[in-house]
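Two complexes follow with subunit A in common, the first pairing it with subunit B and the second with subunit C.
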Partner chain A sequence: MGWTRGRCTIRRIYTNHLLCSGCRACSVACTVAHFGVADDSRGAIQILRDPLEGYEFQAVCRLCEDPECVAACMAVALSIEPDTGRVVFDRDRCVGCAMCVMVCPHHAVVPDWRAGKAIICDQCEGRDMPACVVACATGAVEFVEVEEAAKLEK
Partner chain B sequence: MGESEEAQEELSMNDSIGIMRSRTALVDLPEGRVQYEDTPPDVVRNYLGGRGINMAYLHKMLPAGIDPLSPDNILIIGTGALTGTGCPNSSRFNVTAKSPESNLLGDANCGGFFAPKLRYSGIDRLIIKGKAKNPVFVRVENGEVTVEDAKNYWGMDVNEVQASLRRDIGPSSESICIGPAGENLVRFACIMTGVKNAAGRGGMGAVMGSKNIKAIAAAGGSGFEIADPDGLLELNAQLKDYLTDSMIVKVLGRVGTPLLYEVSNHLGTIRTRNSQDSAFEDTLNAEVIHKHVAKMIACHSCVVHCRHRNIYDGEGPEYTTIGLLGANLGIADTANVIRLNNLVNRLGLDCASTGGILSWAIELYQRGIIDDSITGGPIQYDDYDLAVRLIEATARREGFGDILADSSQAAEKLNDPERKYITAIKGLPQSDPHDCRYIKAFALGIATASRGADHLRSRPTLEVFDLPQELLLEIYGADVNRDPTSYLTKEIVVATHENIYAITDSVGICKFICHGFNSPKLLKYEHFSRLLEKAFGATFSVEDLKDTGRRIVDLERAIINREGVRRPDDTLPNRYFEDPLPHGVAKGHRIEKDKFLEMLDKYYQLRHWDEEGVVPKERIAELVAPWDGQGGGVQ
Partner chain C sequence: MSKELKTHYAIVGAGIAGITAAEAIREVDSKRELLLINGEKVAPYCRPLIIELLKGERAFDEVHLRGQNWFEEKNISIITGDPAVRLDAERKRLLLESGSTVEWKKLLIAVGSKPAMPRINGIEDVPAFTLYRQDDIEHIKPRCKPGAKALLIGIGLIGLQAMTSLRELEVDVVAIELKRKVLPLILDEKAAKYAKQKLEQNGIEIHLGTSVKKVWSVNGTGHPYAALTSGGDEIAFDFLVTTTGMKPDFSLINGSTIETNRGIKVSPDMQTSVSDVFAAGDVTQYPNWIEGRVEIHAHWVNAYRQGRIAGLRMAGKISAPYDPVYINSLNVFGLPIITMGASRIDKPKDAEVYVSNAPARPAYRRFVVKGGRLVAATFLNDTNRAGVFQYLMREKVDIGNIAEALFDQKLEGMEFLYKYHDEVIQGNVDWPASMDLIDKYKKDHSHTRWGKVKKRKKS
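== the complex of A and B ==
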């Protein structure tokens, strides 16, 4: 099992697209929390939506058991934190090659083209609850234990 | 006052808008020359954003008496002060110009995703003058505005052009556009964004079409700074919890505005067959509509999600659409009414005026006032196929549609020169499907609304809630009459609503979560004040905001005064004075003209306008003073 990464409870952000209204409050809350800026395009959680095609769903780091982004990062900017299982991003090491953006099967790594850096969810370290979870008005974004998330996804 | 004191005062004024950015781009066609300016802080201080600042620019830049479809008209697209901050329902912008439908003030408020994107891309307001030689689109990217060729997009419907722009500019771009109706200068063409969000009223799409602009697309950018990020997140979260606890927000989120249809129908006030009747079928009730809905979706940062994705490849319908394309056209079939909704959206037509104008023409035909020689064949209510044909023909200005496309200005050609049978005021067909003969404050509100017969300027529906007198005192600051059919104190009711709606339109927040629109609770001046402080460090007190609301209403009045509006224009459709309502709770009610005029007098007194409804010169001097010595509105 990939989840024996430590003794702590591992939680991740679980999203339910059926409850997502597409409003992007989560993305804005993310950039306000991290950059002190409102700009939904740089949120570590993204709403992929096309009103013409009629869909909206969330993309955010799902803490893959064997994360392709970590394997692909040649600058060693991405690693797994043993205690929490979180994917940890060292922004200073990031060279902006965007390999992680390309390999992530969940569209959960966001390119910040202007800064030449990747953006990836840090679960709002230091906050009681991730900002996106707090901002969601429909309960479409939750913070749950990984086992619980796996069950919910079934 | 000494120079240093003056400088100090200026500094404190500047400080009080905090870090709020108000970046304005002025696009001069046909050259495509673009100038940029930061809207002077005093103007921001006095007019806030969105509708308010749009009006400040329009009053300053628009020459009186011009043809609204000529290059002299000025098209202003302005985001609200809080738009894009992530605070609840902060998705909105206003489009402002001289209206080709009323030949007076055109101003339409719209949600969706475009306005936040425009702000994130680095521009808060666009002002467009002149006319392009060929079809163009305006592109905003990373704070730069360019004018580009749109030859390949011309002729496309609303969905097609937006899909093309997403393909050509990028999937994260957002755009506003016109459909065939705007290209063909239909006087009630909308500006659209997404599948259904419309800057709907007053023919703003025709103004865009007259300038040869097919679309405006925003992309890229780095957003804008927030003064107190943690404070704003905390406040947003509190407000979200407060709002989503509210019953009206819950119901709107479940079934959307069609819930209002049943209310009006029960009262006997649903406009039916051009207001000849006032009750209609249950097939348009919210629960019935909901069987045709796939999902409820939201505008940017919205906590309500009142928009339907319907199962016929469209979004909607709203209450206004089912009322005016349903009951008012005598069409009861639920699926067909939703199909008509989808059709007007794709063509870029205002659903309210479309329903109002078609139903007017059909009554004239029924009465023998017009005949086949004009219409090209029989026209009648309860005829879905006919409605589709007429709507298509109107959007393309073909045959009889070419006459209908002129809205109320078709009165001469339709042999109704005195506009006896049209439900319109100041040339603008009434938007709300609610017949205003019962609730007197509602009637006063549409009579005085600055853009014509429109409920979104005041909509005093708290009138029917039977609220306790103490609560009314708190809301209106006066001992207002609780009876919706009384003419007394209604000027206070209308003015109170007008003032706060001017502010909700200026901060860029949806009325559905604002005080007074559907509920005596929800967001008020106090909340806007706190949000502006957390977002930008701006210090707007409740009194400042109330003053700004009054200022915007007065400035709009000054604009339409300049175009010639006087007391006789603040009136109601003939039928509201002459025919009593036939059904339900409202049975027997009409508007008594003498009492209406007394109400109007009191309204003018309350506003400190003269007896002709004209804003005094001294007040206008105050209203334009924020521009003094500040430049602005680059020529």
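== the complex of A and C ==
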């Protein structure tokens, strides 16, 4: 199911679990780009692991058509940017209530309890390509248009 | 100065339900005039964040809902500080406090709720405040001096927020709750015990299972007022904050033909019993599918969703109905707690209860499965993957066969669910097939590793 917001095409990070080796370079690259530290637990992209079968699953913002997190944000820190269709996060407004963490079915919002803020993918605003996509050695993380991602997911 | 105004869409109440409805209307219809009536003297703001104003960490313009430009951009007129006082649904008119009248074609009532005041002897003679509107903060704030003592009645969600802020301002807090546990509407006994422990560690004096009988002023030095509880304790205090819950604000619709019970009765597309009159947010009542009764879902997400459905419907677009789930996320002095559904019920009937408890941390998770569906979940100090459980609950996914795997953290059942992500989360649910996979999965891996979750069956 592809969709557009207004007239723009929206791009999002698409992950292919078949190519993921679970190295967590994407999470590390994310925190280096955003916080200047290598701390994969605070990455906006998270690798979840099934210890028995070694299966890796990537959790990152999928830009839902009707985002639960935007509905739940009682500080109005999350909103949909009209021009690009991205879910934008205003860190200053965030009060750390974790409502977004609680409603995201994709496990894509990470709570940063120490700072009392949420962590959500901003697609590396100001960079040509999101840091996680650049860091991925196997090509498991791609930056594609939403419609294409929906096709790939099928 | 009274005016006679005419508008196509009128929205009474500028909380999240009203603002979302206005936004939804403008998505469909950008032309016809839209009037938002805000009864408060300040611009629309995020009500749950007023507590941040008490702490003084944020200025008012950091908690507003939408900036001034937004209203101009969207071509929305707004009346501020002039509440609607009477509704004439037959003649399609509203009377405002200033004497102005508003003639409308379609009306949304999103007036929210007002605090329920407990009946206490002598409460008129002591400084007693509610904690709901922005002006309440202005009244309480000057009294929050270090060393002052606040008496807090009702340990609910607002009470908890109040305690946190008051402690940060170095105010002593004595809290009284009628029920025998803290946060009685959302926590089960065990979780409440951990929460109470945390509150007491942070210097809050808690009295449970008691109420305040009377209050009076005392002469002499020390705290100027005193209260007598039903338990016979005498508590001295400087000011009183009541946070004993909310009830829908019916002052606007009193005398009209709009049907109400506990809240305004609405259809799934937010229409009231009177045509062209809609209602959304905390003022409405809505069925609670988990507990099988009608109740008021005074909740941000509910107000947002209802506001959106109502707005789209008013502009002529029908959207999917919304089944609310009562979800809450709170922070008890650094102890994160998330609850969902009927989490307050200690001994659910005909249900399986899954508990994992680590008292040392403390970390506590509790899940209740009834008829194959997740009906309650509590996450204390371990909120991992809460969103996925919320999704399973709200979408009423049948998890009967995989419940054990899901709740076992050692096995990381969630990843297992993700593995069948396309089938489950993406909506192409093909349960019989995935069930086979689950059985295979169970068989393949040693059963001894499943011992972590304690399973208790209730008859």
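FYI, the second predicted complex is superposed on the first by the 147 of 154 C-alpha atoms of A that agree within 3 Å, B and C clash if a C-alpha of one lies under 4 Å from a C-alpha of the other, contacts with A are read in each partner's own complex, and residues count from 1 in each chain.
Going forward, a contact is a pair of C-beta atoms (placed from the backbone, for glycine too) under 8 Å apart; a residue touches a chain by one contact, two chains touch by 3 or more.
Predicted model only: the values in this text are computed from it and were never measured.
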item: Subunit C versus subunit B on the shared subunit A, clash or fit after superposition; value: fit
item: Subunit B versus subunit C as contact partner of A:A75, first or second or both or neither; value: second
item: Which of subunit B and subunit C A:M99 touches, first, second, both or neither; value: second
item: Touched partner set for A:F57, first subunit B, second subunit C, both or neither; value: second
item: Inter-chain angle, subunit B to subunit C through the CA centre of subunit A, in degrees rounded to a multiple of 10; value: 120
item: Minimal inter-chain CA distance - subunit C and subunit B, angstrom; value: 5
item: Set intersection of subunit A contacts, subunit C complex versus subunit B complex; value: 50-52
item: Touching residues (chain side subunit A, partner subunit C) in the complex; value: 48-53, 55, 57, 59, 68, 71-72, 74-76, 92-93, 95-99, 101-107, 109, 111, 113, 153-154
item: Residues of subunit B touching subunit A in the complex; value: 84-86, 88, 113, 116, 119-120, 159, 162-163, 166, 171-172, 194-195, 221-226, 229-230, 232-233, 236-237, 240, 244, 294, 296-303, 305, 309, 315
item: Contacting residues of subunit A [partner subunit B, same complex]; value: 21-25, 28-29, 31-33, 35-42, 50-52, 54, 56, 114, 131, 134-135, 137-138
item: List of subunit C residues in touch with subunit A within their complex; value: 16, 46, 48-49, 52, 62-63, 65-66, 300-301, 304-305, 308, 327, 329-331, 334, 336, 338, 340, 383, 385-388, 390-391, 411-412, 414-416, 418-419, 421-422, 425-426, 445
